[in-house]
Amino acid sequence: MEQITELSYALDTFYFLVCGALVMWMAAGFAMLEAGLVRSKNTAEILTKNIALFAIACIMYMLVGYNLMYPADTITPFIPGISLLLGAEHDVAAMTGDDAPYYSARSDFFFQVVFVATAMSIVSGAVAERMKLWSFLAFALVFTAFIYPIQGYWKWGGGFLDAAGFQDFAGSGVVHLCGAVAAFTGVLLLGARKGKYGANGSINPLPGANMPLAAIGTFILWLGWFGFNGGSQLVVSNFTDANAVAAIFVNTNMAAAGGVIAALLTVRQIWGKADLTMALNGALAGLVTITAEPLAPTPALATLFGAAGGVLVVASIITLDRLKVDDPVGAISVHGVVGMLGLMLVPLTNSDANFGTQAMGIAAIVGWTFVTSLILWGLIKAIFGLRVGEQEEYEGVDISECGIEAYPEFRSGS
Amino acid sequence: MEQITELSYALDTFYFLVCGALVMWMAAGFAMLEAGLVRSKNTAEILTKNIALFAIACIMYMLVGYNLMYPADTITPFIPGISLLLGAEHDVAAMTGDDAPYYSARSDFFFQVVFVATAMSIVSGAVAERMKLWSFLAFALVFTAFIYPIQGYWKWGGGFLDAAGFQDFAGSGVVHLCGAVAAFTGVLLLGARKGKYGANGSINPLPGANMPLAAIGTFILWLGWFGFNGGSQLVVSNFTDANAVAAIFVNTNMAAAGGVIAALLTVRQIWGKADLTMALNGALAGLVTITAEPLAPTPALATLFGAAGGVLVVASIITLDRLKVDDPVGAISVHGVVGMLGLMLVPLTNSDANFGTQAMGIAAIVGWTFVTSLILWGLIKAIFGLRVGEQEEYEGVDISECGIEAYPEFRSGS
Amino acid sequence: MEQITELSYALDTFYFLVCGALVMWMAAGFAMLEAGLVRSKNTAEILTKNIALFAIACIMYMLVGYNLMYPADTITPFIPGISLLLGAEHDVAAMTGDDAPYYSARSDFFFQVVFVATAMSIVSGAVAERMKLWSFLAFALVFTAFIYPIQGYWKWGGGFLDAAGFQDFAGSGVVHLCGAVAAFTGVLLLGARKGKYGANGSINPLPGANMPLAAIGTFILWLGWFGFNGGSQLVVSNFTDANAVAAIFVNTNMAAAGGVIAALLTVRQIWGKADLTMALNGALAGLVTITAEPLAPTPALATLFGAAGGVLVVASIITLDRLKVDDPVGAISVHGVVGMLGLMLVPLTNSDANFGTQAMGIAAIVGWTFVTSLILWGLIKAIFGLRVGEQEEYEGVDISECGIEAYPEFRSGS
Amino acid sequence: MKLVTAVIKPFKLDAVREALAQHGVNGMTVTEVKGFGRQKGHTELYRGAEYVVDFIPKVRIDIGIEDDVLDAVIESITTSAGTGKIGDGKIFVSELIQAVRIRTGEDGPVAL
Amino acid sequence: MKLVTAVIKPFKLDAVREALAQHGVNGMTVTEVKGFGRQKGHTELYRGAEYVVDFIPKVRIDIGIEDDVLDAVIESITTSAGTGKIGDGKIFVSELIQAVRIRTGEDGPVAL
Amino acid sequence: MKLVTAVIKPFKLDAVREALAQHGVNGMTVTEVKGFGRQKGHTELYRGAEYVVDFIPKVRIDIGIEDDVLDAVIESITTSAGTGKIGDGKIFVSELIQAVRIRTGEDGPVAL
């Protein structure tokens, strides 16, 4: 093998690993964001959920999910073949010819596995403060092994959505929308937190306990997103791809910035104040918006797309709250509603995309995830129950599920 | 284009993006440091300022600042030409000849934009706990669009300071000193926090609410600084530059270490205790000191330079406090006073520098930033007011500006 | 020098620096983990210890430790030669021939120095909440200058353990076990925290004050570990090494995942609850386990190895607690007991290793570190004392050692 | 005047406040406390050691009232704070010999 | 002996402590509380929902004193804690039938 | 009935609770407070400025008891909370004119 080919292979592999590590770091971001936005009595449990779901996602995706999403054999464009465990690393013999792999197979797995963990992290926040820990982890098991990989196969594994021309660069649909729909179905079956909606129809805010945690969580996600979108170019080792990766970094950053400002101004317009949690959600909304197509827009356009996401997320959070869909961290709005926006914006800058196919892709992802998740949550509800007891909810799930308090010295009332 | 040239271009672009991402991460560091060093009643607001200023910096620098700092046309060595938005990425046709670009134009923007955000982050800490949120953001708008880029042009954009031989490798002056002077003028017009200085001339500490946040903020900044200084070499793809980048990483780290130890020992000498916040400021002071010239010193010398910064920062914080310049986080000392030290140390190891030119550079940066910032703060004060009302300050700006408490469950008194 | 060689050199240097920066980030992880697991009255002090030990480690290792560990001359395979400060960077003249260096000397120092800091960070947690700050730092001085480097020389510097065929890829022994033994001897001479063990033999939990900090600390360590293990391959710039680094990333991640799940299930089996701190220790245990050999196992095996670590760490923490070895953060179990497990698992997948030599390596590291640390702690005890006064311990070492409270507004009782 | 001190379950605070408002009680001072009583604490688990947390979060309300509303106030708290489950809390009453409004210096019932 | 309980604005604590020192009161116990009264709470905003926070941070001071300084103490608190604005707080006085210093077992006024 | 209010050093709480249990006292309400008294505060240091923190963390225990156990309770607290060092705290006793158990509405000594 030529030294230059090796070097190029090495650079792409290293780039992939660095990007993957950044995406892994997003797990910490979700954990902190959620820990900041729940009440202190539910904090240890949400942390436990976050680290456990990450571990489960890694194991299940290694066992079966990865092969399902990128199958060696496919049964139909809808149904991938199934096989267990990871295959071997590329052999040096394979390193010839035009379609020789240009990065390590293990680095590809690494990059992919942190994506499924991201999708699953979206779910934990929406069902926080009331769902049983072990029921949640049971869902995570099946979601990361089957539900996510199968729809992932449709697009990124070369299934029917890919064939149809559906465009989703880094996963506004495959990752974010899919996670959000799973979260939404969970919330539907679970109901709102006690005290969230008054008998008289009033909406009672249940403020999160720790804003600095929510803020650092958001900054972590923002940083990690460079890996998420930047790595999705898959190659960096030549002139064109290097430029593409750089453009993606810039656009990702600009969209987040646009989201922050738009969300802040929207809130200011309505209430005259600067709601920090909306600014944070605005950043994330900007990021989700651009994820569907972070390469084609100019930086100025990326800022505007992000801003659109920032406005939409505020509207969506308020609307869902009015509809009594109780999502303590806004995950359904940020990743679901805004994820759809991102997908529908693609045709504006990417001529390979069209609105019909984008809508079809959304329908497919939503349909599949909604139905399978609903069945799965339903089964878990029937067998183990989804929700902790009323008394446990009042006292906080930290004590009943984890037997530990997140801030044992500080809390006295609440 | 030759494959090796492409690969080299790709490596440099990737290196630039990784370094830029590390610098972006410094935004989280400033946010946490400041959130830890203010009182809890002002925490949500300082977080809002930090994320919003980052977003504003990105947008304004894209709109106008970047072109101002690195202008296509210059009017004089003092006045850059002006143009809007980002130019196109390098064309493949440009990739020939000796002065062919060796990394992506977008990656350059990305690396530069996080620097302006850093400069702006310096300001927020010094004016914390009493400045109006929207007035601050108005300042950020103009500072990141004009004030910072124009003096940046003087040095890094090839203006008169560069021509004069002023040396500032990674921005002790252009970034840190500039930010600190903007902060200083803000504090001058704003005055001290209520209760900070007693009627009888006493100095009352107003301890920050959360030391772990301050500590993680400092660790984040330390990490991010590898990108800040390491990326400022601009190239890594050959033997000499790779060695240079490695030397910069080592020196950056050693200077921070020297700063910590020197600050701790200084405090111990005076009070017999180990003031954590001074240790943290010592680390940052070490980093600021070495930023003006992180390449030339030996690691041992870098440690000593950092230590000098660590001693100076303690002296400066105490002195400014006595002078009733109320800077809750020590930003003026860390970035301003120590930034000047760093610049004046350059001639000791870099033979291209001399004390006179360094002093001239300092004078130019301080003069420009002082005057423009003073005018700008003054205008904002006249139009919107700079300071929240007395009652709002007592209750905390979280409630009046953000309508949210950072730790709604914990606080009862204070 | 050929351009391709330069590029390869640059890529390896950059990879080394990125990995080193990730390991540096582990310092923040230890600081947060420990700050979360101590009581709030001891939080500022543990943060001070963590940042100061990192600084001391950097300085002492630069002054003498690095040359001791990787000596130019060796006296015997047991005793390295001694010399001060860092040598020069590679000269371009040295860049020829088969054993030409393939990355920058400074990048090597950077990668190594963050390892000694990691070893030292292990100590601070175990002796937390009762050891005098300055006595601890005195230990750090000697440990990072001599104790760690000399045993490091035995393996990684080409000393007798290396010659004997002892296998320790990234330092389950050299780094983690060594740090844990130093911690263990400290705890032996220090005794348990007041109130930890009742007169009647009861074990009283002294819950850590801040679970989100412990969680983010763990996530930081998890992320940093990609650098720790991934960088230990030392090269990435060719097909084989790139694949190796990717495999290491995957295995490192899988082992952590296995550790989380195994620890959670073990705890659940015994108490029916999900002890968050055990899940966090499980992740770290998985990471320590795989560190001795992160390359050879398949991902599935890595998961199982991690799981073994996760079970062992729970058993070890409980056992040490019963033996009245009071380790507030579980450092001795995570890094010491599990470190030994990792070393003994190596022969299962690496045919170059055998159980006898692995056991000998463990004996050498434990013996050396135990004896030298015991003498050192003993000396410090005799001269300065190791433990704060009873009154100071009750009030918390934050006030007596640092004169500052970590959460000055929140604490009223405890 | 009487000082009524009620120790109640935290989530009942709003209900009590609203119930009292109907008796013209529009001032009160609330403290976060921990209670120990018949209601058993819960078991927590920390790093493999189980232990009982005896002290349960409660809220203490202090209310200065005029003598003639005492019975109504007690009745009202009992009703609004009660769940019928153990741990609902206690009401203690003591004599107030003086009450002063700081702002105006007024004293006696008018200060309440 | 009397037990004086004053609920004041938090930032007035030091002023009150200093004022009391002039009457020989050198001991007190302070509690962070929340008060509900005429002073209106503020509106907060959380994720698009506005709500009123009725309970305002206050500080409660408990002071055991000898009978003869009661008036001076009340006067002193009223003056030092007053801002003239709504929400300055209240002083409640009740009878103390016993006071004991734990360290020595002394009781009566000498224990204060 | 009497209301016994003891201000003690925080780490003595468990000892006091256990001592009281021997006198049939099985209920109490605990508050985290800060105390100011003869015991000197400590000096803290923040960013180069030293200052004295006068208020020392203490725990306040409120216990409603029957008249006849008063002496035993005082004795028991004094013994179990005492360290003999300055700052051990105080016990204050006042008259309780009424006590009600919210759950049942029972009043008088049986409600304690």
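Just so it is clear, A, B, C, D, E and F label the chains in written order, and each chain counts residues from 1 on its own.
Just so it is clear, a contact is a pair of C-beta atoms (placed from the backbone, for glycine too) under 8 Å apart; a residue touches a chain by one contact, two chains touch by 3 or more.
No experiment lies behind these values; they were computed from the predicted model shown.
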Original post:
To get from chain C to chain D along touching chains, fewest steps?
Top reply: 1
**OP:** Same or different, please, for the chain B to chain C contact, judged on whether over half of the interface numbers appear on both copies.
**Re:** different
**OP:** Please compute the C-alpha centroid of chain A, do the same for chain E, then give the distance between them in whole Å.
**Re:** 51
Original post:
Using the average of all C-alpha atoms in each chain as its centre, how far is it in Å between chain C and chain F?
Top reply: 45
Original post:
Residues of chain A touching 2+ other chains?
Top reply: 4, 7, 11, 18, 207, 210, 216, 271, 273, 275, 277, 402-405, 407, 410-412, 414
**OP:** For chain D, write out the residues touching at least two other chains, lowest number first.
**Re:** 31-34, 44-46, 50, 58, 94-95
Original post:
Name the touching chain pairs, would you?
Top reply: A-B, A-C, A-D, A-E, B-C, B-E, B-F, C-D, C-F, D-E, D-F, E-F
**OP:** Report the residues of chain C in contact with chain A in the complex, numbered from low to high.
**Re:** 4, 7-8, 11, 15, 18, 22, 39-40, 207-212, 215-216, 218-220, 222-223, 226, 230, 236-243, 245-247, 249-250, 253-254, 256-261, 264, 271, 273-277, 279-280, 283, 298-300, 303, 407, 410-411, 414
Original post:
In their shared complex, at which residues does chain A touch chain E?
Top reply: 203-205, 207, 267, 270-271, 273, 275, 277-278, 314, 317-318, 321, 330
Original post:
Can you name the residues of chain D that touch chain C in the complex?
Top reply: 44-51
Subject >> Partner chain E, residues of chain D touching it in the complex >> reply: 3, 17, 26-31, 62, 64, 94-103, 105, 111-112
Original post:
What residues of chain E sit close enough to touch chain B in their complex?
Top reply: 10-11, 32-34, 42-46, 50, 57-59
